[in-house]
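Look at the two complexes coming up: subunit A is in both, with subunit B in one and subunit C in the other.
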Partner chain A sequence: MLFSKQLPIAYNKRFLWAVGIILAVLMVLGPVYLLIKYSISDIGSINTGGEPIPLWPYNPTLQSYIYLFTDKHFYQVIFSSFIVAFSTVVFSMVIGVPAAYILGRYHIPGRKLVLLGIISVRLFPDIVSVIPITEFFINTGLHQTFAGVILAHSLLALPYVIFIGIGAFESIPLDLEQQAWVMGANRYQTFMKILMPLAVPGLAAAAIYTFLLSWDEFIFAYYIVFGRQELFTLTLYLNGIKHAAPQNLLAAISVCLSVPVVIFSFMVQRYMIAGISTGSVK
Partner chain B sequence: MISSFFCNSIEWIKKAWPLIPAALYLTGFQIIVFVYLCTLSFSDQNIDLPSIHQYTQLFSDNSFRQALFNTVLFTLIGTPLELLTGFFLALLLYQSFFLRGLIRSIFLIPLAIPALVTAMLLYILFDYPGGHINHLLTGGYPPFPAFLSQPVNWRGSALFAMGISLLGKVWRDMPISMLILLAGLNSIDPELFDAAKTMGASFRKRILNIMLPLMLPSISTVLLLRTVEMWKEFIFPYILAGRYRLLGTLIDFYYYSVGNSHKAAAVAMIMVLCILISTVMLFKTLELMQKAIYKR
Partner chain C sequence: MADLVLRSITKKYGNTTVIDKLDLEVKSGEFVTLLGPSGCGKTTLLRMIAGLETIENGELFIGGKNYNNTPPQKRRIAMVFQSYALFPHMSVMQNIIFGLRISKAKPDIIKQKLSWVVPLLHLKGLEDRLPREISGGQRQRVALARALVLDPDVLLLDEPLSNLDAALRETAIEELKRVHRHVGKTIIYVTHNQVEAMTMSERIALLNAGRIEQYDKPKLIYDFPKTVFCAEFIGSPPINFVNGEICVEQHYSGVKTEIGFLKLDRERTEKIHDLAGKKVLVGIRPQSIYFIEHLAQRRHTDTHIALTVELVENLGDRSLVVGRCGDGPIVRFIMTREEDVLPERKMTVFVDGRRIHLFDPLTRLNIFRENGTI
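== the complex of A and B ==
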């Protein structure tokens, strides 16, 4: 049967429903198509001299991508983004996973308060906390350094790491841990040999999520790196050339920025959805 | 008493020490943020702490009042819009049908695309004079009718610039509201609908009298989370609205264009206050609504 009885729709409403689905899919995929189309447009399909821009480029070409990937500066930008994102993952996992382990396995007093505090970090506006943090970094010499960006991104990522990690550790049955204890393993051994291997899928999702968060983060990177072109990450690079570059190049950079995010997002979709339903993901 | 507290905290540390680095990191930064916000916003380059000079200045500043007004409008229009689009998508998915998983994944795409990219795409599409939207509306793609005789400078007009920012924001965030509402829908027992149908309730009545009251908790979650997100919006107006500012872009304007971190901090402080006030107000209203509905 094609339809469940969840919300019984009368037959005459099914047509409406189908129209709705088609409209919604167009609404979502239309812009995505246009972005890809722009990125493979030749310059003649963008500067048309008053003619309507074609819905499919006159001479589809990969020249914007070829230009980008033969440009040394672009590699440097990607490398910067990668360094920042990777370091953020390492740092936030190192301090986030132990915290998630405690919150997921033990009912320590004050647990609710800690969780509430963690969520409130997420709800605090980025654009508000970026001003004091930038000022603080200026005073401590971390302004215009990768270290500053990494520390700031870890601040954003920690709540996610902890929440996804709690979920991963909570789902492991208590018996396993107790059996290890009975057999004489200490807490460190139980953690490393029993819990960690079982929590790996969830923790991997947290790591991927953190990587993506740092990869497409703009506000903090923009404020902390401000003015030092050689440290620009991909988002800053895109923002920096928005007035100067031709639209097909802007679109091509946008695609390069989005592709890893889209692919990996679907890999961690399950964890992301769980996070959104509990309100921990924005 | 004191010694027992001391013993307890030793016990606590023994047990929960792996939590401490993360806790210190998060609280440390929160303290830094709070202290810097206060010291910056309650002083000025040549005026010592404490002074409310910044705030009195702001409220007589036209660009601040305009930004505050814009943000209130942005929030008031954007929040219901996100709820409605989310509800629309959730209702579409609240059927089990062939390819449901695929369609759901497609609906999640906007969330996976970085906000900066979405903003950049709208920047390209709403270009003047030769963007896609202008060509569409001036009749460049028959059979689509021509609505305009002249191309519009979208990003150059306050109303349209705000409108495009809102469009981008809503498009990107639709999936979040959708997922929360879908979870709410799935927690309703479908037998309720069947029972109501058997007793002769119309489609409209089933929606209004059964679904909406039961959905109120998830609707409240969406409204509360989305209002906060709307208040703090930065990236879309930053790319798309230029000199027509929301509070978020006004902070940026004061910080980098004017070079006055004190003023920027004061605006930031006011934004936090606005978020707190509107959240409390919304929370109280929703509580009252819930009570009224259950009484009936």
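== the complex of A and C ==
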């Protein structure tokens, strides 16, 4: 009796949930579908001459990709993007991780002020901070160089690296560190052998985030590279040809922009296992 | 192995004094427990010995050498944390040899130590497991093994059994005793559990509010508590306290109390001769009050008191009876299972005059101990 009354309500609720979830998935996957569809479309499926654009191209083709990967210039652009993103990761980790360790472990005087200073660059819209930074780079000779772009991207990434890093180090019980000291390990050994391995999941997250941030960053790269073609990253390249190239080529470039993001995320995913430190401290 | 001496050790956090001019001497190879309620400073004291807390004042000697300002890495101590603090990313074996690796021990020494400690603590077959893959009791043994292989002068244990369930704790206590007998290390053991302290230690330092109330063999702390705090803290069920006044007459010496006049044994009677009329706090352990049917069976030093049973708690093999003397105070005592009692019953019980403790209500000290008699 009770069940027969309650079941329909539960069923309705479940139905609403299902609809919501399906809608959400469609909203996320929709653009991905469009992107892939365009990138493998033949020109006839795009310029249909008034006919509605088909859900699937008439003659799917990899021509756009073939065109891109036979273009030497495109390789150079990908390489540039990769170099910039990778250097940004290395640079901001080398600077950010030790900073996060100190800020996360020791209560240094003025800690809050330092944290505020670190996050301040992200308190303003990028377009606001890009002008003075470009101005500064022009004066110091970093304008229109990779070093300038890497430095600017690191500036954007560092607040995240440091804040995620602080969280990672703070979540490691103090007992583990002190146990290592009592067992004779000095601070450097403790950091390298105990803290770093345990902070890896958090730091990996910070590294992915930094990579993605740099890989698809546009505004800073645009102002700092300022038209110098041989320094173009993928986003700048895409921007440069957006009026000239057909849609299927633009879509193919966009797919190329996304693929490393997906791959990189999968690569570091195994470090993101939740609860790696369960069982150490009860 | 080495002895440990604390002289006038003081610890302050800001204006609060956590440990106040504390003195403690531990003989080489001795098993000493720091026992006390939470917040009494016992863990802080242990951490000061380990070098994880600074020493504001006083001196710390291990093996005759001053260790006040030695960093934890350079002290020849090992410590087992309450949390065990096993390194979660290392296997059991890597955890055990971590300290040896750090000190650059030779591979054959590491091998030799492993083949000694692994069977000693029953860790065979677990070497390649991660800490999260073994049970609480096994983690505790790994933490102990990791400390033992370092061959420390002093082994510090911070409530290592508090995370184990009751049954496992029993085995762990036996295990620890066995290991101590086997390795003969100086051990400082911190706990708030009096059973652990009583069963394992050679001496107990009972701490209260940053001071040592009593430092004695377990049996002596139980039989001759130095202060009111010691009498209250040690013993289960808790000791009974009643107010009284010392009464000295020709054939009639003892204490007049709220629950009646209590006789003392001859030895104690002689010691209170000069204290006639003194107000005292009388401590009687529940185990020193007993029930017998026949008056004739009582000892001549025992006094009978009449009470009404209020509550009976079943403890399994015996019962804890809570009774009230007239309108006076509550008295707790133990009865064996065979003697069945029900609430509201009026009964007569006997107080063992040889085991009555008298305390000065002002100084809170045991009067007999104060006079240097016991």
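Quick note on the criterion: the second predicted complex is superposed on the first by the 237 of 282 C-alpha atoms of A that agree within 3 Å, B and C clash if a C-alpha of one lies under 4 Å from a C-alpha of the other, contacts with A are read in each partner's own complex, and residues count from 1 in each chain.
Convention: a contact is a pair of C-beta atoms (placed from the backbone, for glycine too) under 8 Å apart; a residue touches a chain by one contact, two chains touch by 3 or more.
As the structure is a computational prediction, the values presented were derived from the model and not from experiment.
A.B. asks: In the superposed model, does subunit B or subunit C contact more residues of subunit A?
C.D. replies: Greater contact footprint in residues on subunit A: B.
A.B. asks: Now for A:179: first (subunit B), second (subunit C), both, or neither, which partner does it touch?
C.D. replies: A:179 sits against subunit C, while subunit B stays out of touch.
A.B. asks: Between subunit B (first) and subunit C (second), which does A:189 come into contact with in this model arrangement: first, second, both, or neither?
C.D. replies: second
A.B. asks: Given the touch rule stated above, what does A:129 touch, subunit B (first), subunit C (second), both, or neither?
C.D. replies: The first partner, subunit B, only.
A.B. asks: Just checking: does A:198 make contact with subunit B only, subunit C only, both, or neither of them? Give me first, second, both or neither.
C.D. replies: second
A.B. asks: In the superposed view, which residues of subunit A touch subunit B and also subunit C?
C.D. replies: In the superposed arrangement, which is not itself an observed complex, subunit A uses residues 276-277, 279, 281-282 for both subunit B and subunit C.
A.B. asks: Would you mind writing out the residues of subunit A in touch with subunit B in their complex?
C.D. replies: 2-10, 13, 17, 20-21, 24-25, 27-29, 31-32, 34-35, 38, 47-48, 50-53, 55, 95-96, 98-99, 101-103, 106, 108-109, 114, 117-118, 121, 123-129, 131-136, 154-155, 158-159, 162, 216, 218-219, 223, 226, 235, 238-239, 242, 247, 250-251, 254, 257-258, 261-262, 265-266, 269, 272-273, 276-277, 279, 281-282
A.B. asks: Can you list the subunit C residues touching subunit A in their complex?
C.D. replies: Residues in contact with subunit A: 50-52, 71-73, 75, 77-79, 81, 83-89, 98-99, 102-103, 130-134, 136, 139, 146, 150, 163.
A.B. asks: Across the complex, what residues on subunit A touch subunit C?
C.D. replies: Listed in rising order, the residues of subunit A that touch subunit C are 173, 175-176, 178-186, 189, 193-194, 197-198, 276-282.
A.B. asks: Quick check: in the complex, which residue numbers of subunit B touch subunit A?
C.D. replies: Those residues of subunit B that touch subunit A are 12, 15-16, 18-19, 21-23, 25-27, 29-30, 32-37, 40, 88-89, 91-92, 94-98, 103, 105-118, 120-121, 123-125, 127, 130-132, 135, 140-141, 171, 176, 179-180, 183, 185, 190, 193-194, 197, 203, 211, 221, 225, 228-229, 231-232, 234-235, 239, 248, 251-252, 255-256, 261, 264-265, 268-269, 271-272, 275.
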